[in-house]
Structures are given as structure tokens and as C-alpha cells.
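What follows is a group of structures, each given as C-alpha cells.
Look at the two complexes coming up: chain A is in both, with chain B in one and chain C in the other.
Take a look at the complex of A and B:
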């Protein structure tokens, strides 16, 4: 048995995929790692949102990111919300960018199957529209609870440009991979 | 008998079903498996991949190390670095890629953007960008301590995409730290990455990678089919 395994991976092939869903995630790993090469059918840079367990609970995030200026200040932010808003986890390339431009995102979900603790996510992202990385390179930390100090094991993850189930679709060629670390 | 039936893809009765890159449907004799493995037509395991590809350990005599003939069978690459330099002032590290026609060493074909802290205990972070394939100013920072970084290349074998990689670095060590940073780099020509070069911007002897700086390359997952 390997210590790191691909759980599932794939590529968006059509033009009407609004959510990338990872369903029935087994609880047999210690941590999850999610890799994304993503682009969406909207213009300019688009925020990536993450949702777990089709969650109706509470979410919070804290992040810092580059601005899109040639150089300058770092933008930082945080939010805590109920189910109406989901946490940002990075930035994706828009369809008005060069054909080869895709956002690059890595997420780690530590102890995702431990139902006695809140869940956290670490995410980092970068990408360029054409000649250089002009997207918002970013680092995010996300916290997820289910209205309290604990949350059930994560068995489902969705990624989408907001909103989930909406009409902003993933561009064909966007690819994803979910892997598990044995503990 | 269970497992034997005419007309099934796994049956030995009827036409043989040739293996594809992702599946080998059918019942196979040992000789057939060996034949296809030898021919490179037997599919890779689908769910087990975090493999070491190769590593360079610096001997202190060069500022350049190349990873060449990178297999095109993984989805992602991860380069893990622990490094220092022989002498000289703080310097930058270049990452050049080969997408099939040799290493592209033209700075303007790359772009970088990173967020870094200041060297003050308190104060603003900053963003730096440029048309060059470089890590922050101080990587590696020192001669007697190591700088470290993790660099992830996504979907590197997809020839329709720009190669794009994110990096997370900490140049620091004993009694000194500087420019803890994360960011990304982009090569603005589409093509699958078959080679990666790590090189000091200045290549005179003072900037040679100090022994035992290490550069380890791993492959993650399987290339999408």
C-alpha cells in the first residue's frame, strides 16, 4: 500500500460544468491534497470557492494575496459567514486570457476525517494571463465548522467560481486531482 | 466456470483486447503481460503515484543543475530544494524549462510575481514582479545555512498550457532570515515540460551551489488521458 494515493483525477471536457465535485471521499487517509489547473468561462481573474459536505454550516477564511499591480502592497482579508457565502481559496484565469493560461492551486486538508475537531484548509495559488504571473498569487487558510467546535468528517468537496451550481462554467482543459496521505 | 465466458472483454475466447494506456481489460497470460510491459504498452497503476524521479546533490563546482528527459507520465511535478551558495552576496535563482527545443534561457519569456515579508519585525509585506524566471532576491541567502523551497508544477505534460509553477520558500538559517515568500512563475510559451534547470543568476564560482545543496524532483499522480 502506498503512502500517497490518487483518489480521483480528471479533466473538464465540456462547456457546462459549474462545479467540480469530489464525492464519496473515503475516510481512510490522514490528509487530503487537492491539485487544480483551472480556468473559467468569465473574464479576468475569478475567485475560486470551496465547499465541503454540501455544507450548511459556518466558514471562515483568512488570506493574503498580491495585488495585480506591477509591484506594491499585499492585500489581506478575512471573513466569517454562514451558509450563504463560501470561502475563497485562490484565483483562476479567465477566458479572455491567452489560451494556455490556467491558474495553479494546491490545497491541503489536514485531518479531514477526524470528526472531533473543526476542519482547516491551507491553499496557495498563482497564475498568469499571458506573459507573466499577473494574477493574485495568494495564500489562504480556511477554517470550517458546523456551527460549533467540531465538524463531521469531510466526505465531499466542491470547487466552483461563485455561485455553486451557477452559470459561470469551467473551461474545458481545466484539470484536477485529489490525493490522500496515509497516516 | 466463473471468470470464463465467451464474448466478454475478459474472455480468452475470441479476439484479444489490446491494453490501452489506462486499462487492460481481459484475462492475461503471464507471457502476454511481460510482452506488453516490455513494449511499454501496459497501463500504469492508476492510484498510486508520489514517486521520486531524480536528485542533484551539489559538489560546489557549478551554478547549474538540469533535470532532463522528465517522464511525461505524471500529472504534477514537485521540486524540493535545500540550498546554499559558496560565497558572494545574496543572489537570485533562475528556473528555466525545456519544452522540447532545449532550455529556454530568454528572461523575457518568463514572468514572476511573489509576495514577501520585509526584514523588519513589523511592517508591510510587499509584492515584486518582473519578466524573468527568478525566485526572490535572496535565494539562497547564505553560505553557511540552507534556504529551502517547494515548487509545484501543475499539469506540466499538457502541451496546450503554459507551464506555470508556484513556489513557497524560506531563505534563512542561523541568526538570519529574509524574504519568506510565496509566488508563482510562468513560461509564456505553450508546451509540455521535459526539462527543468535550476541555476544561479550569476554563474561565477562564488555563486556555485554549495555542497551538499540538494534538488529533488518528484512526480505526482498520472497524466490525464
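Take a look at the complex of A and C:
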């Protein structure tokens, strides 16, 4: 795997982790890949939120997703915030509805270390449970700027069910990995 | 153990509206392309411009590609489109739509993003075709401009190994910050 390396990986331990943080991300790779397999301590599905550089940046997204309807229904959405914020990037199943609930997310951050231009993220996620479709399958395209025409290199990423630092926690055993593609 | 090998990271010159990966070796199992796309047209944003497209091996007949594209489009916060675009027998196309390349209208600097996977690209004994999955998108921070998010999967009507990837901008020359990497994936 010479040109693809795991930067960090781990599992949630304990019962009070609200944020999964990737800190001190080196700028030595060309692109980042973030994978997560987990669920949250909630009765129903939860939106997954992403933020970078300790909540610096103005975000926008365009997305589509399946819904919990039995068939046919699809939702879509768009948003842009001109204040510092963080966006949705997928949907996760809630553990309290079904022990078999799951959620998987893969995110790509192309050219994350270029400090001269806004950054982009592509996110694909799926979640569900055994007897009830307690989740959504989704695809997101996201962008983040510094409020102008640039954005510093991404050195920190956090993932959380809403809100960051809140009281909706990741289920113990949820696993995550951040990897870098060399350029 | 599988392995990822960088084939090349391409930096646009800023003076060409297309970018190519040529002489792709056939020694891997799959190909993966990751990067950004951005044109320099000051009169366009247009991530869905008809001039934004991709070709493999320069295939350009009317039956070269068949694909299903799932996408959404938003403009001014208003949903303006969401549908499947399916091509099929008798309705194939001469290129793969490559939405997400944006111009610089309204001083936009935000690029589009690209993830493309081409499994079994060097298989030549299997029929009928090579195939691909493509996820692209572009989000604007200005009003009255279009944002897109696209999943596109399809087939390439060839039994030859893929040795060339080319994409084209309909919104000006590709800018130098829109770097694109091509990787070879070995499954064993």
C-alpha cells in the first residue's frame, strides 16, 4: 500500500463520546479518505455532521438520499451558510431501535492541503437495521471556504451526531479510519 | 494484501481545456481517480455544461458508452432537477457526462470534486464491456448559480483494456489548482 496509508484508526470506547476527532492531520498527502462504521445511541436515525479545523469555514452541500418509506421516495436538499457552521454529510442508524442497526460512511477530501482554494468533500453513507429501515442511503457533495475565495489546509476533522459536544453519543465499538493518498 | 499505487498526479497547465492520463499500464486490477476540476471561464459557472465530459480510450462513437446518472441540481436554494438519465441500446452516447467542472462567474473559486472507480479496467477476455462508477459534485456559495451532486454508473463498449482517460471542460481552461490523481489498485 505504498501510496495509500492509514493515518489513524480506532474504536469508540465508553458511553459518552459525542465527537470523533482527527487531529494534527499532516499535510503530506494529496487526498484524504475517511471511513466510519458505527451507530449512535438514539431511538431513531441521526444526521451525521462534519466540521474541519475546529469549526472554521463556511459550508454548503448538495445531497440526495433515500427515505424510510417502503419504496420510491427520495429526498434531496441544498444549503449554504454564510456564517461559520458545519453541514450534514450523511445519516446514521440509531442503536436504541434495533440491536442490528448499522451505519457506514466514506468521505473523500481531494487536495485537502492546498491552502489557496476552497475545499471539497464527497460523502456516501448508508444506514439501516434488521426489521425496519431506520436510516437512509445518501450521497453528498460539499464545499467549505474561509468566507472568501480560499480555505486553509485541512488539519483537523470532527464527526458527530447533532450537535458537536452534545449528549447524543456514539455507540461503543463504532470504528473509524483516516487514510491518506500520496500525490 | 491489496495495494494502492500512484500512477500520476496531473496539474493542469492553465492553458488547456482538457486533461489526459495516457499510457496507463495494464498491470493493476482497478483504477481510481480522485481530484478537483475547475475551469477559468469568467462568463460561466455551469457545472452541468454539455462540454463537461469524459472519454476512455478516445472512444467517441454514438454507441461507446451506456450509463445511468442520478443527480440533483439546486439553484438559488430551489430544487431544479432530480432524475435518472438512462441510456441504453439504441440510445448510447459518445461520452460520459462529467458534471462538476465550474467556471469562475461571480468570482467563484470553489472547484468541483471527483471520485471515479474503474474495476477490471485491464480485462480483455471478459464481455461485454468495461464499466465505471463516478461521483462528482460542485457547490456554489453565490446566489443564482447551480449546485450539483451526481452519481453516474455505466459501461464502456469495448473489450480492450483502458489505457487512456481524458476529460474536457466546457467552461474554459482547467486551472492549475484543480489537480487530479490516478491510482492503480492491485487486489493481491
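Simple rule for what comes next: the second predicted complex is superposed on the first by the 171 of 183 C-alpha atoms of A that agree within 3 Å, B and C clash if a C-alpha of one lies under 4 Å from a C-alpha of the other, contacts with A are read in each partner's own complex, and residues count from 1 in each chain.
Keep in mind that, in the parts below, a contact is a pair of C-beta atoms (placed from the backbone, for glycine too) under 8 Å apart; a residue touches a chain by one contact, two chains touch by 3 or more.
Note that the coordinates shown come from a computational prediction; the quantities given were computed from them, not determined experimentally.
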item	value
Touching partner for A:74 - first (chain B), second (chain C), both, neither	both
Which superposed partner A:183 touches (first chain B, second chain C, both, neither)	second
Partner chain(s) touched by A:63 [first = chain B, second = chain C, both, neither]	second
Contacts of A:53 with chain B and chain C, given as first, second, both or neither	neither
Touching partner for A:139 - first (chain B), second (chain C), both, neither	both
Chain B versus chain C as contact partner of A:7, first or second or both or neither	first
First (chain B), second (chain C), both or neither touched by A:18	neither
Contacts of A:117 with chain B and chain C, given as first, second, both or neither	second
On chain A, positions contacted by chain B and by chain C	2-4, 64, 74, 124, 139
Chain C residues touching chain A - in the complex, by the definition given at the top	1-6, 9, 34-36, 38, 70-74, 77, 79, 82, 100, 107, 109-115, 135-141, 147-151, 177, 179, 181, 183
Residues of chain A that touch chain B when the two form their complex	2-7, 9-11, 35-37, 64-67, 69-74, 98-106, 124-128, 130-135, 137, 139, 173, 175, 177, 179
Chain C partner contacts - residues on chain A that touch it in the complex	1-4, 30-31, 58, 60-64, 74, 76, 78-80, 82, 108, 110-111, 114, 116-118, 120-122, 124, 139-143, 145, 149-150, 181-183
Touch list for chain B against partner chain A, complex	46-50, 75-76, 108, 110-115, 124-131, 152, 154-155, 158, 160-162, 164-166, 168, 182-186, 188, 190, 220-222, 224
